[in-house]
Every structure is written in structure tokens, then in C-alpha cells.
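These notes are about the structure you will find just below.
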């Protein structure tokens, strides 16, 4: 259902994005050339017919030919760029999880300690830093001034660190906050108290008994995380000239390459819905009460 | 405690400091830009191109330096405050109105309305907002209306969800049933009985969204799909210096700092406001 | 050695450091528990009875609660001086605890088997789970957990409250502790199940020789199960003695009020008699007797001077009460 509406939105969006025929032909094209191409692309038919054709083709994985990158199908153009985005996004997710889960847990365990206050400052900074500016500042400090990393472009790990950190920053803040408040609630529970009086060490009480329950909250956030990393990729890839799908989306829209735009938007939306589906499954794995129903 | 004592205690607290920062960075510049700004934010001056800031080899003439057209960065940031404040106020107001209205309808009429509106919320959250903006911008070109539209699109769902949840809880309460027995119309019940009880929630949510909206607006402008040039919107100012970060860092740095300070103080104030107005959601 | 009590709490004072001030929740409390003995600690909610229990095993609210004075001599060692690591070795092994609400004391995301076995391998967490399955089943069977083999794979939410509390009991008894602290273990259970559960505890106690501290507001439990009792009010013990002596000759006006609705020890229905007024807030500093504000017998001396323990009306050596008007009857 959601997917259906998304396809309609995607379909109509691409028709709002200006006439692709104008973009494909040179400025001095004749009226005949314009009409031929319009007919060739099926743009002269009524919208609902175009929509059905679009869906039919989409189901077969055919989104038409890219108009900007000649000779390639839209899906090829996007899928070629996908690995770069997934690599960067994966590293960003890794950084967010590795940094925020321990920080959130420890902030809750040592509540009101300097560590907790430090975590809340990080959380505040994360929510308040515009990603594009952070990206530029990181580049300025660590790439330009200190020269530790390359400034931009596609490459190995050294190329990925700065963009991934810029991308992860906001998520670290959000996840730390979520983990901390979930942990605080769980640490207050009777089963944590009981685990303690059973004679378990503090580490087992915290990580086995408390964290497993608290983890339910951050896991539900992963859906949002996946979605915002895609959005983030547009900004971060632009700043670091990282040739992934985010940068591609920007290029495609500027070039009015609407089959590519359609595919990117649809792909992002499907990715987001799929991520949420996976989360429902993981959620059940963590919490047996849900698995039962 | 006397009034002055209370006031000075607030000013010394963290939210108090945030409030002072907000007034200095956003509100005063937004309201009195023409009086404060030392230079015309739009006027290019070829002779004073890329002047560094005062203390970094520059002069007090251009405290925060100049951009590649010789425009005063300080003056442009001050004028930019107008757009940050204006867009976020208008966008949140409209988003809150749309979201609250639909949330009320969903929670109060339930049934088909509820299902449709909540599904729409889900879909809104599933669509990448930046891509939507990109697509729209390529039709109309960057514009204020576009930014406002995207802001509404992004935030209305949060209001709708929250308002619906509270409406669902409120409509079961006695005083609503009593009003219905007394013959109040559904419209009147929504307006007179439900809405006043969720105003606090809306205010808190609205405040917490200001930071989100300012960053969203700046991001769109930065990507060239938000506020059109040559308006000195903060996001555009950062974009102006992006290619020059190697040589003239100040062009990007200071506008971004203005965004950071503004959003940070709004977030601190939002949390404080939530603790006061909406104690049940107080973060532990 | 064997004459020495198992637990000897001396002048224990526990405070909570709150924004409003320091609140003594346990105020100069002394009592003993002998080996194999059952002590009932009775009081209204907020009387400090749970805090006394939590102080012994030291699970006070982090950063807020602390033991401000006194000694907790357990088997000759002062637990109040123990480090966290040393306490961990005492908890679950020598002192076990049963909490009030079985619905929340078991971790919802782990199976019963996991949570039982975890307690069985405290000393060597690397022991394979398989080798402990038989022992786990045994432990559950001792607490009459029906169908124990299958229950090992069940999650807490799949069991009834009574069954869960039996699991909690099984875990508590699993390492043959010398002392069990049961903090209102049957309050959350149905009345019919309450009795069964108490009989189970009693049976296991007889077999293992563990001492039990029963925290309760239910005088019926005390009469049936305990050898001695201590009545708490406002963080202090105001009367203590053998169950027989205290029930026969309640000496403190508060105890008298508590027992007033109880016709005889043999009847099963004993509930707290409602006393006019509320206990004073614990933050309030009270120089005299804490019960004075609600006591019909109170005079000026009650309000200004704290009464020391004096021999109770039964005349028995172990029977003591702290009141200025021990001769008078409510």
C-alpha cells in the first residue's frame, strides 16, 4: 500500500520535473524532432496509461534509458553507483553504533557523572550541527590543515573516514540519547534488581540483563537511521565528491534525467520500507513477547 | 524569591544562557539587521575580495572577513538571521496547523479518516525529504515557497501523530462525554474541549522542531535547492565558501557557526520548555 | 560459635540524599536473626522495612542511598564495610532475596532455564549449560514447579504469577543460602496461592536450615510462619520479641493498634488495623517518638524525647518496646 502511493508520487514527481524532451535535445531542435522523441518515449499518451506502463516496466526492473548518461538504462546508472553509497553508509552506521551504544549505556549506568554530562553535550552537539557544515569543517581541519586524510573523491578507507564521521555524527547523538534513556528505565526495573541479588557481577547485570531489554528501543530507531543515511548521502557525497547515489540524484535532477530520478527516489523509498521490515524481524528476535503474537 | 532574583537565576542557568545566545545570534539580528549590519549584504566590492577576518590578518572594517565578491561576511550573517527566523516560524506554524487539524480529525472521527491520514503520515516519513525537494526544485527552481512546502511536508506528520494519540485518549474522558450528552456538536467538541488540552503538546513539539527546520532549510539552501541566491541565507553562505575552504575558511565557517549556536540554544530551550509544560514526557 | 546469631544488625542507619535534604529511612535499627530462624519485619509502606532489607544486601538506590552508620554482622563479618566485589560474592550465595512482584522480577527476554542456570554457575560461568540442566530441573522441582523440564524453555510471560514466584524462590534457594530475605513475596499473589507458597518456603527452610527475614504488612503471615517479629514505624523498630510474646502482650500503642482487629492467632484473616492519620514525612526531623503525632496516649515527653527500648509487658527477656507509656493501654 505504502509502496503503491510511493510509486504514484514518484511518477507524478518526475512529470513535474520539467519536460525531459527539452533536456535531451539541443536547443535548436525542430518541432518534428521534439514530437518524434515525445512519441518515442510515450510521453504523448494519457497519464494513467503512462503510469500503468511505468509500473509494468518497473516490475520488470525496466525504468527506461537514462537521458543524461546515454546508452545506459536508469537502473544500471543507479546500481553502478550503489556500492559506493552502501560502503559509506555502512561505515557510518558502524561508527554510530560503536560510538553511541557504549556511550549511552555507560551514561545511564554512571548517571550524573562527568561521563554522563559529556554524553549529553555530545548529544546536543549532534542534534545542532548541520551535517554539510560539519563535513566542510572536518575537511578543513583534518584534510586541508592537518593533511591526515584526502580532501575528497572515491578511494579506500582513508577517503571514507571523514565523510562517514560527518554522516554518523547526528546518529551518534540520537542513538546515545535513546540508549541512555532506555537503559535508565531498565536499570530501575525489578528484574535488574533481582539479577543483582542473585549474585551476578555488575557487568553481567548491565550487559546481559539490562542492555538486552534496553536494546529494543535503539533497534526500532534503525529504520529511521537507514532512511536518514540515504538522505544524508546526498549532502555528504556532494561535499566530498563521493560518487554514490546521493550525488547521482543531485546530478540527475540538475540534468532532468527523469528515469534516473524516478529510480533513485523509488529505490530510496523501497530501501527505507525494507529496512523497517527487517527491524520488525530483529525486534521479535530480541523480545520473545513479540515473537509469540 | 523576588522577580529580579528569579530572573537572574534563570539567566545563570543553562537554559538562560541558551536564551541569551539565541537573542544575540538570531532574534536581535533578525529584527534589527539594517541597524546593526555595518555593510550592505548584497553589494559586491571587487577591491576588498577575500579579506581575512579581524585577528586573522584582517581589519576591523570586516570583522569576519569578506567573500569572493568582497561582500562583508558579518553583515550577510546578520541579514541571514531574518530568513532563518522567518522561514522556521512560518513553516512550523503552517506545519503545526496542517498536522494538528489532520491529527484531530484522525483521532476524533477515527475509522476511514484515521486510517487514511495515518497512512499518509507513514508515507511522508518513507519519502526522502531531500529528494522530494530536489525534484520539486528542478521544476520551479529554488524558491521560498518550495522551502516552506518541504518544511510542512517534513514536519506535519509529527504533529498529526502526537495530536491523534492525545485526542484518542482525551475523547474517552468524562468531560467529553458530558459535552456530547449536552448536545455539543462534534466540531464544537474538537474546538472547545480537545484542542485546548493539547495546546501544550503542540507548543513543545513546535519548539523542538525549530532546530530541525532551521537545519533543513539551511541544507536545502546549501544544495542550491532552497532559498535562491543572492539572498544571504545561512546555508547559501556556507555553500559560497565551500570551494574556497582551502584558502578562505571564514566564508563557510562563521555562517555555519551561527546555525550551530542558534540550533543548539533552541534545542536547550525546547527541552527546558518541555520539562515545564509537559512534565510527563520529561526525560529522566 | 553456634550461639552467635547469623545476622547481627547493630545501630544501622541508612539515609537517602535527596534534593530536599537527607532522609533517614532506617534510623538506628538493631536486631538479630539466628541460624534457621524466621524473623518477621512488620510495618506500613514507608516504615523502612524494605530499606532495612535492601541495606543488608546493599542494593540501595545508586548514588542516593547509603549506609550512614552501624554494623551489619553476617556470620561474624561486617557487610557494611564490604566492597562491591565482595558483596557480589555474598549475594545469591550466602544471602538470597525474593522480591515482591513475580511479574517483574524475571527478565522477560530470557528463558526460565537461562535464568536458573545462570544462578547455578555463579562460581564458574564457563560451565556448559547442558551439564547443569538436570540440576536446574531439580531446583525447580523442589519448589513444586510443575512440568519443570518443559518450563526450562518457557519465557516468563508464558507463566502464571504463582509459578513465576516459585521460579524466583527456586533461584533464591539454588545455592543453599544461609539467609533468605523475602520482601513481601506473596503480596502480588492470589490468596489461595499465597498459602501454598508460604508452605513451600517453610518446607524448604526446614530441609536446608536457612534463616528467613520476612518483610510483610500481613500479621497473618507473621503469626503462621515466624519465630520472632520486629515492628517498624518511621524507620525505627518500636517493638520486638517472639511472636507469642508480642501477640499475647503487645506493648507499644502502635502494635496494639495493629493487633486490635486480630481476634486470635489461629484465625487466618489478619490485616493492618487502620490508624487515624499518616506517618510523618521522613524528611521531618522528630526529636521524640515518631508515633506521637498519631498516638492517643502521647504526652509532652513523647514529643520531645526519644524513648529507649524497655522490657515489654510479657516480661520475657527478648520482648522489648520503645514507648514512654508502656503501662497504659490504648
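Some notes on this structure:
All chains are identified by letter, namely A, B and C, in their written order; residue positions are counted from 1 within each chain.
Note that in this section contacts are C-beta pairs under 8 Å (C-beta built on N, C-alpha and C of every residue); 3 or more make two chains touch, one makes a residue touch a chain.
Since we're looking at a predicted model, the values are computed, not measured.
Each step here moves to a touching chain, and the least such steps from chain B to chain C number 2.
If you tally contacting C-beta pairs for each pair of chains, A-B comes out on top. Chain B and chain C have Cα centroids separated by 55 Å. Computed from the mean C-alpha positions, the centre of chain A lies at a distance of 22 Å from the centre of chain B.
Averaged Cα coordinates give chain A a centre that lies 53 Å from the centre of chain C.
Within the complex formed with chain A, the residues of chain C that make contact are 57, 59, 62-63, 84, 88-93, 96-97, 99-101, 104-110, 118-119, 122, 125, 155, 157-158, 168, 171, 175. In the complex of the two chains, the chain A residues touching chain C come out as 111-112, 189-191, 193-202, 204, 209, 212-213, 286-289, 292. The residues of chain A lying in touch with chain B in their complex are 1-2, 5-6, 9, 13-14, 16-18, 124-125, 127-133, 136-137, 139-140, 144, 151, 177, 181, 184-185, 227, 230-231, 234-235, 238-239, 249-250, 253-254, 256, 261, 264-265, 268-269, 272-273. Remark: chain B residues 119, 122-123, 125-132, 134-139, 211, 215, 218-219, 222-223, 235, 238, 241-242, 245-246, 249, 252-253, 255-256, 259-260, 263-264, 267-268, 283-284 touch chain A in the complex.
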